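Here chain A shows up in two complexes: once beside chain B, once beside chain C.
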Partner chain A sequence: MKILKTLLVTAAVSVAMMATAQAETKKIALVVKALGIGFFEAANKGAQEAAKELGDVEVIYTGPTTTTAEGQIEVINSLIAQKVDAIAVSANDTNALVPALKKAMDRGIKVISWDSGVAPEGRSMHLNPSSNPLIGNMIIKLAADNLPDGGDVAVLSATATSTNQNVWIEEMTKVLPNYKGINVVATVYGDDLADKSYRETQGLIQSHPNLKAIIAPTSVGIVAAAQAVTDAGKVGQINVTGLGLPSEMAGHVKSGASKSFAIWNPIDLGYSATMIAYDLIGGAEAKPGAELKMGRMGTVKLDDKNEGAMADPFIYDAKNVEEFAKIF
Partner chain B sequence: MAETQMVARHIPDRLEGRGARLVKSWETLLVAVALAIFLVNSFASPYFLDPWNLSDATFNFTEKAMIAFAMALVIISGEIDLSVASIIALTSTAMGYAVQLGFDTPALVMVGLATGLLCGAFNGLLVTGLGLPSIVVTIGTMSLFRGLSFVILGDKAFTGYPESFSWFGQGYVWWVFSFELCLFVVLAVIYGVVLHRTSFGRTIYAIGNNQTAALFSGVRVGRVKFVLFLLTGLMAAIASICLTARLGSTRPSIAMGWELEVVTMVVLGGVNILGGSGTIPGVVLAALIMGMVTFGFGLLNVPGIVMSIFIGLLLISVIALPILYRRFRGRRSH
Partner chain C sequence: MKLLLKNREMLLVVAIVALVALIALRFPPFVTPGNLANVYNDTSILIILALGQMAVILTRCIDLSMAANLALSGMVAAMINAAMPGLPIPLVILIVMALGAVLGSINGLLVWKLDIPPIVVTLGTLTIYRGLIFLLSGGAWINAHQMSDAFKALPRTAVLGFPLLSWLSLVIIGIMVVVMRRTPLGRAFFAVGGNPHAAVYTGIDVGRTRFFAYCLSGTLAGLAGYLWVSRYAVAYVDIAAGFELDIIAACVIGGISIAGGIGSVGGAVLGALFLGVIKNALPVINISPFAQMAISGTVIIIAVAVNARAEKRKGRVILRKAEAAHG
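Then we have the complex of A and B:
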């Protein structure tokens, strides 16, 4: 008992010192789906960068240990109790967090969601990492940048009914005339299965001998396609690009099967969320049409649902993929 | 001869007086720990002593504690129920499904309670009917019940609960006293009375101490155990109603991992994991301690994993210290 008491007292003294260390600064809480996930640790890095730049901001990086809504509500309740100035949350459940976040807003706390959104009544705005037109443009740009003289490209998508991929391909087709000499010769579906995507890629290689690039806007497809191109000995002839995860693609970028690909940058996302929260604390209002400041990332314009897109997907190539492969 | 038989030798019904027993009891130790944590929290964070903050903090433990009451009874009887968190998930899924069919609040509550009771009855039948070990049965049903709600929901969520339903998880009876907190108090009293003041309560201790002896004394062991599993099912359903109402949505991952937190609460409350002893006041205190630790650490933004480590250490030390103390004293007296 005595030992326990001594321990508790020491703990109390040390935490009391921690508590008094910061005062007068604005407290912005970055609430993530769960602690210990590389993607969110990277977002925290961005948030800390924003805090350093702003000077009078303390970022509280927190979240539950498992990706549950109950865990996030406990965290949010304790943030409300601490009277933080803003909460920026990547939600485990679109609806379950609404009552807790409403309470936060009632008590004067600015609430935004980022990455994974909260239903509109539970936040003042949502920050998407990118938007469909930006993604559609990016995937064809990645292919075209490496084909100055034009050439045949093919698309390896997920399933024929995947909403995301279909919208992106549609947006890509819209901007296709801007890229002279680029012909999309085929669109095939790998159903987001590694083996089917691999076989579909083999089919593309055989039926289109002049194929110069494969665009796979799916993280499963892009890896399978890169593998198929490598196995067919076509590295250097066919460039695989699209949307993928740095940790899965690092090897293929190194081998040359993929010159570059894109995905959101979690560091920028955490940075921007913090900047937006700061802007709202400073008096900016989140309403349709409003433009909120994001520091080095520029501004974000809100649509009629109070949602905004941060930026183009971030490009990963031989120069930076190794660094990000450690993160996610 | 006749005379010697008449002289009754005085056999004390207690080895120690009431006062001495109270001082040395587990509950006193827990009260001391709870007070210490309360004091530490009050000093550590300026936000701790605020009625609304404390009220918000009660949601950290009320639902788990409701299940812990029934779990305490099951563990005292020498069994265990590890499927409670999965019963929450399945019950919540059933209620979410009922909402899609257009059911209203009273009907939703009935659906919830019925699902919980069915789950409890299923566990009870397997344990008492087939005589299977409860730890094996409930590890199985733990996967089964949550598996079912994964099959029904996949990666989707049921939402759209009626406004009146949300009162169970978000409503306040008076001032800062939420419905959940009041329900927790009422249930604590009911379980306290049932366990400590009724013959049913005595039979639970009897079964936990010596099942065979209880059986030969005319206790219907199977039936009592069946009722206890029904009770955990029912309490999981009540917790599920509160939790679902609080969240306003159902996902198959709801209440993931709660079974261990509930068991921790019960064991921290002084219930012997091997059965036979334990009290409801102990469980209430353990619930308060765990709630305060979680909230206090949350106020200081201590990462959740550090919190789990602390709860683990607390559990081990609270259990080990009295044993070490007794050993130490025993060695000295010999």
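Then we have the complex of A and C:
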């Protein structure tokens, strides 16, 4: 009897505490793969920006010291104990985090995943940085924007069997008719090896003398292609573009081998994840077809798997690459 | 013609010429002198590595860790350069060659002193060296803009119309010819691989010879590490992943017997060139990437088949000579 009483009192007190907590600031935890990674530090910057904009939000930026699922489970358990209002996680493992996150959801905590997803049963929604159609459109747009009169472009992909690249190239081909005068003359595969990508680029330069741009939607390929174009003395004649990381591409943008390239913006990603978490705390429901608010980034529409795409990949060029190179 | 085909090196030269001619039919610009020089330049690193591997294979061992050694040495070279851009590049090269030698000597010591099968030792060190790169770099890349201009320029510097990288590989070929033909060490490589027991009777320390072979392959891998990172202007954990197979394939195509004791510098160089021509031709003759893999594989199997036949014949020749000498 005494035990029951204590339990009841504890429950009542905790309910009361939760109620007051909700009335005051809302605690949103941004759980990253590991602390100390530039990409996630930048995401935190975006989350803090969102918190400032919203006013009544406190962002708890946390994560394990190494990129392990075990570390993240510990972090999540401690967040449950701290009674946060929402957890936004970039997962080290799709399935391993599910039990811990389920426990959090049972306790009324809103759980979303971003960047690297969690299995559907462990989160209410997942925010992808971009979508395949958006990426496919962006890579051809990057090439076309620098070719007002059209011209020959070629694609340097990863392996012939890599799913991501193949889907992006497929999406790119779909929107190709929208870019008048742009001819995709070849698609070659560098297998995400620096030496093979370099050699394939040399091959492209040889077999297509009128080549104006090379699109490499892979971070190894774009760097190798830029180097091969530089070594062949074709800077200014052939523009290398695609998907890459600012820190890896800064030198090639400076040399002029690459006029611009794209990748998701981690700041926007952290900002949007925080905004969505806030929207869910405020009562919005994550279900297929729902539109969730992301502040300055607009809204995200969820598909039948409760996944949504944030935006177009962000474009980096000579103006901003140095600044982002310091971040990731 | 028969005499011509009997000679392994000549056979390879004929095969390479035929291959180039075949490629020229589909893509004529391939045979311009400028492009052929490019192909040689592109193959230089493979040639240097194949020569190191040759020494190891001659002693009946194998070095699977060469590409990992290359990657680790290359990463260290890039990190030294990024941290101290002022350090003269020749000094950086000497440092990574010494590092490569140390990494190679670890293989050598394990094979020599602990008598562990070479394939197991080098498979282990392959993983260890790759892991070390991750520990050193934390998984981060060293990119073009973090390397000094001098660091990137050295292999590209043109001397008498050819890049320094090409010249460097020619120098290494020259050194290896002298080592293999004119020094006791070179002869010991052949003796140890040809017949280890007989080698012991002639006073050659089999383990020590193998140790030196590994040191040699390690040193060359260290040098290749700098060249690779500087040529492609990027260093990360996975550079040259799987390249050990190319190195061994070059040796096998070049007629270096996996069973040890048979091979030559010329063979290793030609084997590497053969692969180099294929690697450079496949992108321009416009065939599907899946067919490319199949072609590379087929070529290697044909080479091994030819090799096996050549070795059989060679065995008989030696016997006959020995009999003649006795009689």
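Going forward, the second predicted complex is superposed on the first by the 305 of 328 C-alpha atoms of A that agree within 3 Å, B and C clash if a C-alpha of one lies under 4 Å from a C-alpha of the other, contacts with A are read in each partner's own complex, and residues count from 1 in each chain.
We take it that a residue touches a chain if its C-beta (ideal position, glycine included) is under 8 Å from a C-beta of that chain, and two chains touch if they have at least 3 such contacts.
This one's a predicted model, so the numbers in the text were calculated from it and none came from an experiment.
Using the contact criterion defined above for the overlaid structures, shared-chain residue A:Ala194 touches chain C, although it does not reach chain B. In the superposed model, A:Ser130 lies in contact with neither chain B nor chain C.
Once the two complexes are overlaid on the shared chain, A:Ser113 sits clear of chain B and of chain C alike.
Comparing chain C and chain B on the residues of chain A they touch gives the larger count to B.
By the document's definition of touching, neither partner reaches A:Ser272: not chain B, not chain C. In the superposition on chain A, A:Leu204 makes contact with chain C only, while chain B stays out of contact range.
In the superposition on chain A, A:Ala250 makes contact with chain C only, while chain B stays out of contact range. On chain A, the surface touched by chain B in one complex and the surface touched by chain C in the other have no residue in common. Taken together, the chain A residues at the contact with chain C in this complex read 159-160, 186, 188-189, 193-196, 198-200, 202-204, 206-207, 223-224, 226-227, 231, 247-252, 254-255, 325. Interface residues of chain A facing chain B in the complex, by the touch rule stated above, are 1, 4-5, 8-9, 11-12, 15-16, 18-19, 35-36, 60, 62-71, 73-75, 77-78, 80-83, 93-96, 98-99. Taken together, the chain B residues at the contact with chain A in this complex read 29, 32-33, 36-37, 39-40, 43-47, 50, 53, 56-57, 59-60, 157, 159, 166, 170, 243, 246-249, 251, 253-257, 294-295, 298-301, 303-305, 308, 317, 321.
Residue ranges on chain C touching chain A, taken from their complex, read 27, 29-30, 35, 38, 42, 141, 143-146, 156, 228, 231-234, 239-243, 279-280, 282-284, 286, 288-290.
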